[in-house]
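Next come two complexes, and both contain chain A; in the first it sits with chain B, in the second with chain C.
This part shows the complex of A and B:
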C-alpha cells in the first residue's frame, strides 16, 4: 500500500493492555527516580515527561505529506514527520534556551512561540510555492469542508490526486504543532539545566560559574535527543503522512502520549542518574 | 542603545547568511536529488525508465544537514580552541565537513544505483565525477553560511548554547525549511515537467519522470539550474525569515516587560503570516477556480 492510499483503519486501533503496561512502566520508572533522587531529581524527571508528552502530542498536528506531497499528489508539507517537527521544535528550543534566565514560564512560552513562528513561515512559504510557483490551489483529501473556514475541498482536487497544498486547517495545525513542540523541548531543557546547575558543582568540585558551560551543553544535548526520540516515536504512530488535526489519524494521539511518556521517562532517568551520586 | 544597534546589525547579517544558506541547501539537495521527490528517481528504473539523475537520498535533508553543520561547527570550535583565527577556523571546519558530504554523496549514489542493477540501471561514472563536485560546492556554501551565523549568534549575541549544538539545531532547521519549501517545486515542476501545469501529478503517472533535455539526456545539473530560480529562492527566503525574525524579536524586545515583549511580538508575527497564508489560499481559489463542479465529497 502506498503512503497516499494508507488508511488509519487497523493501525489506529487502541490496545488497552499495551496502554496499561505502558502506564505501569511509567510508574516504575518514576518510583526508581523517587528512590535515588526524591527531591530535585524527581521534579526534573516529571518535567521531562511532561515535555516529552507535549512534543509527542504536538507532532500529530504537523501536516506532513512526505513524497506524495512533493508531486502534488497529497496535501501536506513535502518532508518527513519527525524531521519537520524536530526542525520547528528545535528552533523553539533555541529561543527558549535564550530566555532561560527569565524564568520557567517566560522561557517555555518563548520556546513555544519560536516553534510556532518557524512553522508559520514554513507553511506560508509552502503555499506560496504551490500557488505562485506551480499554479495549484490548496485542497484537503480527508474532509469535504475546511473545519475552520468552511471552504469546500473536493472540487479543488486535481484529477488523480488526493489533494495538495496546505488548507487553512493544516496551516493552523502546523502552528499549533510547532508551538507545542517548542514549549515541550524548552521545558525539558530548563528542568535538566536546573538539575545540573544544582548537582554538578558538588560532584565535580568546581564553582557554579565553571559548571555553567557543562550544564548548558549537557541539558541542551539531552533536550535535542529527547526531542528526536519523541518525534520519531510519534512518526511511527502516524505511519507516513497526516494532514493535521482534521485527519482521522489524529485520533491515534492517546497511544502516542503513553509511548512518549514512557520513552521520555526512561531517557530522563538516564539524564538524572548521571548526576546522582550512587 | 549601542548594544541594540549592534544586535540589529548582527541579526541582519545572520538573516542574509541564512537566506544564502537556504537557497544553496535546496539547490544542493535538488542536484543530488536528496529530497522526497527522489522516490520517483528511485522508482523510475523499476518502471522501465532508465535515467542519468543523481540519487543520494539515503537520509532526509534535515538529519544530513544536522550532521554536516554540526560537524563543521564542531571542527571550527576545535580549531578556535587551538587559537586559530575564527574566519580560518570556520573555513577549515566547513571544508572538512564538505569532504564528509562528498564521501556521503559518492557512496550513496553508488549504493542506491547499484541496488537498481536488476532493472538495468547503470552506474554512470561520468555523472559521479561531474555531479559530486557540484553538490559539494553548494553544500560548502550552505554549511559555511550556517556555521558562520551560529558563530555570530554565539559570540556576538551571547546565546548560551555551544557552537556545535547550535550547528546541529540550525542544520536540522535548515534542512527542514529547505526540504519543505523546495521539494514540491523539484518534484512536480521539474521531474514531471511533461504533466499539466496547475495540477498535481496523477498517481498513475508515478515513475514516468522527464529524462531528456533539449539536447541529449537530462542530468541533475539541469535540475539544479531550473529549480534554483523559484524553489531555491523560496527556500532561501523561508530560512532567512525564520532566522531573522527569531533573532529580531529577541534582540529588540527581550527586555520589554521581563521577556513578554518578545513573546507578544512573536505572536503578532505569527498572526501576520496567518493572514498572508489565508490571502494566498483565497487568491488561488478565486483566480484559478475549481477543477470540477462543486459536489458533495466523501471524506
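This part shows the complex of A and C:
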C-alpha cells in the first residue's frame, strides 16, 4: 500500500460489532468483580469506570494542535493529546488529593477546578505566545462563525492553513476538558484510596496509620497508570489534532466512551484484586 | 492512518529481539533471587540489567508500532506501556517467587485487550497494534519489576512495602522507607517511560539505523540505572548499592562511547565543535 493510495483508516466510522463486544467485556469484568469482592470492591470499580469515562470524554474538548500548531498552521495548543490530557488530569489529581479527607464531593470538585485552572492558564499563555510572540490572530478553520461569540473566522484565517491561534470556543473547550479530566482522575484516586485504607490493614496485619503511605502511593500510581491509559486511548481515537467541541472529530466520542469504560474496568479490576484475600 | 512510512531494512528481525529481550529480562530478574538464596543483597544489580534488556526490546517494539503513522506522537506509546505495565506489576508482586511470570501473563492479557480496544472499537486498524501493545505492557511491567529488584533487592509485595529505619541504634520497621510507600515507584515509572520512548523519537527519520537506536536505548537504560542505583542506597546495604552504581556507570560510559561512534559513522560530516573559546585576556 503506497502512502498516496492509503485511505485514513481511523475515520469517523463506528464499528457496531466491536462496540457490542466492548460492552459485553465491561459487563463480564463487572461480574468478575462482583464475584470476588461484592460491596466495597464493586463500588470502587464503578467509581473507577466513571472516572475513566470522564477522562476519555473530557479529553475530546481539549484543543490539541500538535506540530502544525507550533508552526502556526492549525489551531490549538502545540503538543500531543496524551501530554495535554496527562497534564490537565495530573494537575487536577494533585489538587484533589489535597482535599481527599474532606469527602468525595469536595475532593472531586477540587480536582475538577484544579484541572480546569491548569488548562485555563495553559490556553491563556498559549494565546499570549501566539498573538504577541508569533504575531498571528486566532481563527478557526473548521467553522465559519464561533458558536459562542458569533465572530466570523474566515477574514482572520491565513491562506493555506487550517486556522491558527486559539479561538474563544477552543479556550472554553479546553477549560471544560480540563475540568472533566481533573474530576475523573480525582474520582479514581479517591475510590482506590478509600478501598486500600479499608482493606490493606487487615491484609498486611498493620495499623491504619502505618498503612497510609502505602495506600496513598499505590492509589496514586494506579490513578496515574489509569489516567495515561485513558489519555492515550483517547489520543488514538482523535488521531492527531482536534480544535475543540465544534470540531467534526468531536462526534467520535461514543467510541472513546466505550473504549475508556472497558480499559478502566480492566485496569480497575486489577487494582481491586490487589487487596482481595487469596 | 495505517500508512507504513518506513520498513525495517536489514538489521536483526523483530522476533529475535523479542525473544532475546524476554528471556534476558526474565533471567536477570530471577538472578536477583540469589539475594534470598545467599542471604545478601549483592545481586540487586541484575535488576538494572533486566531493565536495560527490557528497554532494548521495548524501544524496538515502539519502532514497529510507530512506523505506521499513528498520529499521536511516539511518547504516547511509552506512556501507555508503563500505564498498563504498572498496574500488572503491582498485582503480580503478591505472587512471591512467581511474580515475574505472573507479571508477564497479566500484562499480556491487559495489553491484548487494550490492543483489541484501540484496533477495533477505536477503529485504528493497524496490523501491528495488538501485538505491539501486548509487548509494551509486558515491557512496562518487567521494567518496573527490574527497577524494584534493583532498588529493594527483591520483587515481592512485602519487600516492596516495608522497610526499616534505625533510630539511635534500634532497627524499627517503617512503611515509608519502602519502594511503594516512599513513592520511589513514581520515579522508577518515569525513568522507564522516558527511557523507552526517547530512542526512537530521537533517531527516527530517513537515516534511521537499528543498531544506533538500540545502543541509544541501552545508554538511556544505564542512565536510568545510575539514578535508580543512587536511590537504592536508601533501602539496601551500601556495598550492594555501590556495586549497582559501578555497574551502571561503566555500562553507561561504554554504551555512550559506542553510541557516539555510531552517530559519527552515520553522520554526513562531523565537526568536533569546542566550547566557547576563552577570549584572550587583554
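Following the convention adopted for this analysis, the second predicted complex is superposed on the first by the 268 of 278 C-alpha atoms of A that agree within 3 Å, B and C clash if a C-alpha of one lies under 4 Å from a C-alpha of the other, contacts with A are read in each partner's own complex, and residues count from 1 in each chain.
Convention: a residue touches a chain if its C-beta (ideal position, glycine included) is under 8 Å from a C-beta of that chain, and two chains touch if they have at least 3 such contacts.
Keep in mind that this is a model prediction, so the values were computed, not measured.
K.L.:
What does the overlay on chain A give for chain B and chain C, a clash or a fit?
P.N.:
Verdict on chain A: clash between chain B and chain C.
K.L.:
Pick one for A:86: touches chain B only (first), chain C only (second), both, or neither.
P.N.:
both
K.L.:
Return the chain, chain B or chain C, that is in touch with more residues of chain A.
P.N.:
On the superposition, B touches more of the residues of chain A.
K.L.:
Mind working out whether A:157 is in touch with chain B, chain C, both or neither, as first, second, both or neither?
P.N.:
In the superposition, A:157 touches chain B alone.
K.L.:
In the overlaid three-chain picture, which partner chain does A:217 touch, first (chain B) or second (chain C), both, or neither?
P.N.:
A:217: touches chain B and chain C.
K.L.:
Which of the two partners, first being chain B and second being chain C, lies in contact with A:70: first, second, both, or neither?
P.N.:
first
K.L.:
First (chain B), second (chain C), both or neither: which does A:138 touch?
P.N.:
first
K.L.:
Superposing the two structures on chain A, identify the stretch of chain C from 113-121, 203-211 or 239-247 that clashes with chain B.
P.N.:
203-211
K.L.:
With the touch criterion stated at the top, can you tell me which chain A residues are shared between the chain B interface and the chain C interface?
P.N.:
Looking at chain A, the two contact sets intersect at 66, 80, 83, 86, 213, 217, 220-221, 224.
K.L.:
Per the contact definition, I'd like the list of chain C residues that touch chain A in the complex.
P.N.:
1-5, 70-73, 75-77, 79-80, 82-88, 90-91, 94, 106, 110, 113-114, 116-118, 120-126, 158, 161, 175-176, 178, 180-183, 185-186, 189
K.L.:
With touch defined as at the start, can you tell me which chain B residues reach chain A in the complex?
P.N.:
These residues of chain B touch chain A: 35-37, 39-40, 60-63, 159-162, 165-166, 168-170, 172-173, 175-177, 179-189, 191-192, 197-206, 230-231, 234-235, 237-238, 241-242, 245-246, 249-250, 254, 258-260, 262-263, 266-267, 269-270, 273-274, 276-278, 280-281, 283-285, 288, 290-299.
K.L.:
Hey, which residues of chain A end up touching chain B in the complex?
P.N.:
2, 4, 66-73, 77-80, 83-84, 86-88, 90-91, 93-95, 97-100, 102-103, 106-107, 109-110, 113-114, 116-118, 120-138, 142-144, 149, 151-168, 171-172, 175, 212-213, 216-217, 220-221, 224
K.L.:
Please give the residue numbers of chain A that touch chain C in the complex, ascending.
P.N.:
That would be residues 1, 3, 6, 8-11, 13-15, 17-19, 21-22, 25, 66, 80-83, 86, 204, 206, 210-211, 213-214, 217-218, 220-222, 224-229, 231-233, 235-240, 255-256, 258-259, 262-263, 266-267, 270-271, 273-274, 278 of chain A.
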